[in-house]
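Note that the chains are named A, B, C and D in the order they appear, and that numbering of residues resets to 1 at the start of each chain.
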Amino acid sequence: EPALIFDLGGKFDKSFNEAAFNGAKRWADETGGSFREIELQSEAQREQALRRFAEAGANPVITMGFAMADPLSAVAADYPDTKFVAVDVTWLDAPNIRQIGFAEHEGSYLVGMMAAMASKSGTVGFVGGMDIPLIRHFGCGYAQGAKAVNPDIKIVANMTGTTPAAWNDPVKGSELTKAQISQGADVVYAAAGGTGVGVLQTAADEGILSIGVDSNQNHLHPGKVLTSMLKRVDVAVYDAMKAGENLETGVFNMGLAEEGVGYALDENNASLISDEMKAAVDKARQDIIDGNLKVVSYYENDSCPALKF
Amino acid sequence: MDKMPQWADVVLIPLISLILAAILSALVILGIGEDPVAAVNMMVSGALGSTYGWGYTLYYATNFMFTGLAVAVAFHARLFNIGGEGQAMLGGLGVALVCLYVPWPHWSIALLAACGAAMLFGAIWAAIPAYLQARRGSHIVITTIMFNFIAAALLNYMLVNVMRPVGSMDPASARFAETVHLPTLHELLVPIGINFSKAAPANVSLLVAVLACVVVWALIWRTRLGYEIRAYGHSETGALYAGISPYKITMVAMLISGALAGLMAINNVMGEAERLVLNSTEGAGFIGIAVALMGRSHPFGVFLAAILFGFLYQGGAELALWTNIPRELIVVIQALVILFTGALDNMVRMPLEKIFLALRKGKA
Amino acid sequence: MDFLTIIQVLDSTVRLATPLLLACLAGLFSERAGIFDIGLEGKMLMSAFFSAAVAAVTGSVWLGLLAGIAASLVLAGLHGLASITFRGNQLISGVAINFLAAGMTVLIAQDWFQQGGRTPSLIGGGRFGPIEWPLAESLREFPLIGPVYSELLSGHSILVYVAFLAVPATWWVLFRTRFGLRLRAVGENPAAVDTAGVSVVGLRYAAVAICGVLCGIAGAYLATALQAGFVKDMTAGRGFIALAALIFAKWRPWHAMGACLLFGLLQAIALRFQNIDLGGVVIPVQVMDALPYVLTVVILAGFVGKAIPPRAGGEPYVKER
Amino acid sequence: MEDKTIKAVPAIELKGISKSFGPVQANKNISISVAPGTIHGIIGENGAGKSTLMSILYGFYKADKGEIWIKGKKTEIPDSQAAIAAGIGMVFQHFKLVQNFTVLENIILGAEDGGLLQPSLAKARKTLAELAAEYELNVNPDAVIEEIGVGQQQRVEILKALYRQAEILILDEPTGVLTPAEADQLFRILHRLKDEGKTIILITHKLREIMEATDTVSVMRRGEMTATVKTSETSPEHLAELMVGRKVLLRVDKVPARPGKPILEIENLRVVDEKGVERVKGIDLTVRAGEILGIAGVAGNGQSELLEVLGGMRPGSGAIRLNGRALPLSGPGSDARARRAAHVAHVPEDRQREGLIMEFHAWENVAFGYHHDPAYQSGIFMNNAALRADTDRKIEKFDVRPADGWLAAKNFSGGNQQKIVVAREIERNPDLLLVGQPTRGVDIGAIEFIHKQIVALRDQGKAVLLVSVELEEIFGLADRIAVMFDGHIMGERLPHETDEKELGLLMAGVSGEAA
């Protein structure tokens, strides 16, 4: 029986954790299997949950978020027969962990391009949640994409706050969006968990376009969400559960080539995406896959060529 | 002359209140379609049924003892320190700096140094609100709330921009060296023949917390400073009459309070995470308020209340692990416990007093 | 900074100040009557959820508002029961209410909607829309007055106007009516009210109930006017900021408005001007984030002086020891 | 005229009233009857149950048992509203006024005429002017309570009752805070009210007032009504004996003073309070060894501030010398601790707010202010055993009852609380004793004792500075009298060379030459 450990944001964060849950659910629906799950509540529970599930015989144990790296490195060796899956972790050295990293900057690059093409004002916005490197990583890819389309484009980037409340403050998300609109932004990309709900809402209310994150959020405001930057955590989780105990371990980087990231196109936003847009973005996608185009990752040296934080 | 025997006051009333809280919690569990008996079983066996459970219960309790004592000491001087959260964050910063940048030969020396740093940083964070209260009359409740937010921003800055190892995604400091690893209860108890769970994070900080309870008790009830703190807390004009400086007491009480809150960091930062992460305090500063109020600001009461909340935390974690009950249920149970044992305790006390009075009259 | 930016920042100030103001006035009624309330946060949160939930189910934002107020009133009643009838500790009761709201909202939301402690998004009549003042559109281009009128004054939801009208109303009730006189008296010296033949308990319950209603409106504003639905913990500490504003204002209605606008302004500025570039040195976002709080402390220390709460505040009225 | 028929029906009749506060039975089966148009006195030791009984009549407390009859009709009085409706008004021992309200607001509170304040206030202003003219009860209707003196505050309380057209007026220890002139005026008003047919119940510890003002008097002891007598048929000595259960000495017994060298010298002392108001406006005084200097004056004329600055509780300017050595008046070394180190002891005016921590045990209070004394320390801890032993000694010597050092201060009666404070301060054997209102609200048994202790200290050659608003006390104790008015010393007199009338004028600000 597989087990799934959600990060502190909780299972229904409308993005990252929820994607994992959806993947797990799809697996359960398709196979009729069942899985264990826990929504972490405190830091100390990270290790606790790992051990408890491993001891109870869960296999594989799937964890969400980079913060699990540290406890995993301590625990994994104690349970050599258990396979662990670490989403968003790529730097551990252990034989029984499947480490999955996503090239969020590449996906963000594509939606950044779309934002720049859809923007009439020449200004696009980015609203992050708590100010942490991961969110800067998103923002950095986005800015590069936008600049690639329009080197003169203005990118307004804001973080919601410095406490965990920043992930759940849609009111602040709204205000930030309004502030960005007043600075000319007419497309806003939200990478802010529950705060993003406020961003998308306000963008829809104010008649500008927004971009969702992680899951496909196009349906939240049909015709008003330009696209969503997909991070196929659901696929990763689904695959892991499907592989079960025979899971292949090692480091897996899920980029555009692996369809680990991408942009969402469905009936809700079809009318917003022109053919040229699609063509340009698909070309860039191919170039990245082919290695002709390199999107700089914020992690490379903790800075971004296209945006200052 | 008291209206009730002391044992009724100290044991019976909290017990009945707890039972009431439990009954209401059971109703809530029923309301969301789960089985309360199974849930309680799982909580009790999960939190108290094994050394593993105890290890977690005591780990959380250690945090709450520190923050509860912090709030309690300030309360004795009639100061409402809501800033335990921020002070504990700063304490964590102090511990991290000490553990990261000094090569300690042995954990015991490192612990001493970390205690010092945690207390110093926590005290500094309490000192500014204390000074503003004592000298400028700025209300300590506002300033400590503000300082919580400021501490969060400061910590975020330190972790994201300064202390994070280059290239790491995690807004956290590097891991502390092996030498500053604090012995867990497992490592402490196995040599004397008790097979305590290896997994649980409870560590030697627990002993420091218990020691802190004793020290605070002695401080408040046995020393001259404690005498002055209590006198000032009861009556400011009285303090003036007795030559007790309000300024001094406000400062000293808040410094002690901040130091105690900061001290929590040896448990969660040094003992458990062994690195500094964002949000490592996880609201323990606020739980400390409830713990102090429930413990009637007495160190022994704080000790018991801390264990009760530790039990709720760990029991709740077990529930979350093995059932689909949302984790918020535990928050509700905590609320009910605080409500019944703290705010509604007269609901139990008033009728009981009548009963005891009638009994006494019957005898006389 | 150009004029339009100033207008936009002020506009944002008004929106951010509104929930603070409602909660602050709520606390003002309660604390003026001698009942301290750190449960403002919880009551707002509870109302935010129930207003959104009912609005989502019925499609009527007005029913939502009523439900939010009712939910907040239930918690206010609980606070009254604990601190008036059973003479419990008002701080503990407030803390408990905050926890209760944080937990119950998500539990119930999950039970009803299965959307992870969220309500469905509100659409159409489920939300309070902006109210456009007459001629707002045509006056927009007018220099100075135009933007002030059509951006700053016009175009807020009705609850914003309710909040700002509540300020003179509160002042009038407190200082111009019999009820206000008694309410202030009961917070200063309940024995005086008692011996004057007026029920202390009745007055205090009334005050707590008004507090509940105002918190209810504040919560409904967050969930159904500013936002289109409930998200867990969406009050994000605003109840505590409102409390700080109340102390800041020394428990006076007009000052409360000033304090809330100030807090709103500081936040609006912090949100509008992140990443300020001062000659190559970018001010870190954390500094801007902390700025409202730092400035509050500075203003408090520098200009406000000592705040003396209502004399009987926080103490239950006990006649017979 | 109709006098006889009215008297047939008592204005108030209480039948079998009992009341317990938890284990304390405050009233035991009390019955009493008061004829209309009379003044009825109630006396009794501290804690006898007087205030409780009257509070029951006023609906503040609910009796456990018993009946209340008003004007021959059985009346339920579940709350004060019912009492007011029945025509009862009460002036409490501790005033029930809202400190930051104006006089007018306090008067209409609960008796407003409608939802809006303005009309009520206007009407009250008019009525107040009429009442003021009729009864010489002048107060500024717009003054804020916390800024007027206690005498004025009491007028407000009486006006409150009159405004509600009370027919029955209860006054609980009304003269405790008044000057003789104010007290005289109060009694003139009471007589006027009585002549109008109103019924008055007067609780007091002062036998003189009972003898002068009342028609009948009841004595309470330990919750029971022990006697009711016609005033004309009794004497103070007899009443005192009924109250305490033994013979009491009503005069202070002391030998003439033999003043020695100056102990305390005060030069041009000034005190400015927190609000920036100058309360002490440059006074010069000397207190010698072996004498008691009494400071007479109406409350609120700077005496409290004088005591507080001498006791180190607030800063001042000017100069004070103790035994010839200057003591700082502000900054370091000017606090109460330094004063005690200089052998100044201080019995404060307000025992509950200043002299004691009400929540502390008696034994903790015995160290209050002297908690730095090496005798109370052992290492880093306080030596609680030594403290408790010391407490037991003091309790025994000063006859504190109950003799239980573990009782919290709040659980002692006022008189016994005061004994604890006096014991603590006098037993320090100070060079200078500052005493403020030593017997306020204390019954005659305890007064006798406390007075004896103060005189004994003087006889040991110590200096005593006594502040009291009781002229009787000043005359009984002081060897020299200084009168304070508006922050100034109006003059000094020797007790045998002056009288109450002259002092009364000085206290009212009429200077000696003019008088």
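Keep in mind that, in the parts below, a contact is a pair of C-beta atoms (placed from the backbone, for glycine too) under 8 Å apart; a residue touches a chain by one contact, two chains touch by 3 or more.
All figures in this text were calculated on a predicted structure; none of them were measured in a lab.
Trainee: Which interface, named by its two chains, has the most contact pairs?
Mentor: Greatest count of contact pairs is found between chains B-C.
Trainee: Determine the centre-to-centre distance between chain A and chain D, using the mean Cα coordinates as centres, and give it in whole Å.
Mentor: Whole-Å distance between the two chain centres: 75.
Trainee: Per the centroid of Cα atoms for each chain, what is the distance between chain A and chain C, given in Å?
Mentor: 34
Trainee: I'd like to verify one number: the distance from the centre of chain B to the centre of chain D, where each centre is the average of its C-alpha atoms, in whole angstrom.
Mentor: Chain centroid spacing, chain B to chain D, equals 46 Å.
Trainee: Measuring from the mean C-alpha position of chain B to the mean C-alpha position of chain C, what distance in angstrom results?
Mentor: Each chain reduced to its C-alpha mean, chain B and chain C end up 29 Å apart.
Trainee: Enumerate the residues of chain C that touch no fewer than two other chains.
Mentor: 117, 232, 237, 286, 289-290
Trainee: Using the touch rule from the top of the page, what residues of chain A touch 2 or more other chains?
Mentor: Expected reply: 10, 131, 162.
Trainee: What parts of chain B, by residue number, touch at least two of the other chains?
Mentor: Answer for chain B, listing residues that touch two or more other chains: 149, 153, 156-157, 160, 326, 330.
Trainee: Let me know each pair of chains that touch one another.
Mentor: Touch list across chains, by label: A-B, A-C, B-C, B-D, C-D.
Trainee: Going by the contact rule set out above, which residues of chain B touch chain D in the complex?
Mentor: For this pair, the touching residues of chain B are 1-3, 218, 222-224, 227-228, 230-231, 234-235, 237-238, 240-245, 353, 357, 360.
Trainee: Quick check: in the complex, which residue numbers of chain C touch chain D?
Mentor: 175-182, 184-185, 188-189, 191-199, 311, 319-321
Trainee: Going by the contact rule at the top, pick out the chain C residues touching chain A in the complex.
Mentor: 4-5, 8, 11-12, 15-16, 19, 115-118, 121, 222, 226-229, 231-234, 236-237, 267-268, 271-272, 274-275, 277, 282, 285-286, 289-290
Trainee: Tell me, which parts of chain B touch chain C in their complex?
Mentor: Residues in contact with chain C: 28, 31-33, 80, 128, 132, 136-139, 141-143, 145-147, 149-150, 153-154, 156-157, 160-161, 286, 289-290, 293-294, 326, 328-336, 338-339, 342-347, 350.
Trainee: Write out the stretch or stretches of chain B touching chain A in their complex.
Mentor: 56, 59-60, 149, 152-153, 155-157, 160, 164, 166-172, 175, 199, 201, 268, 272-273, 275, 277-280, 282, 313, 316-317, 320-322, 324, 326-327, 330
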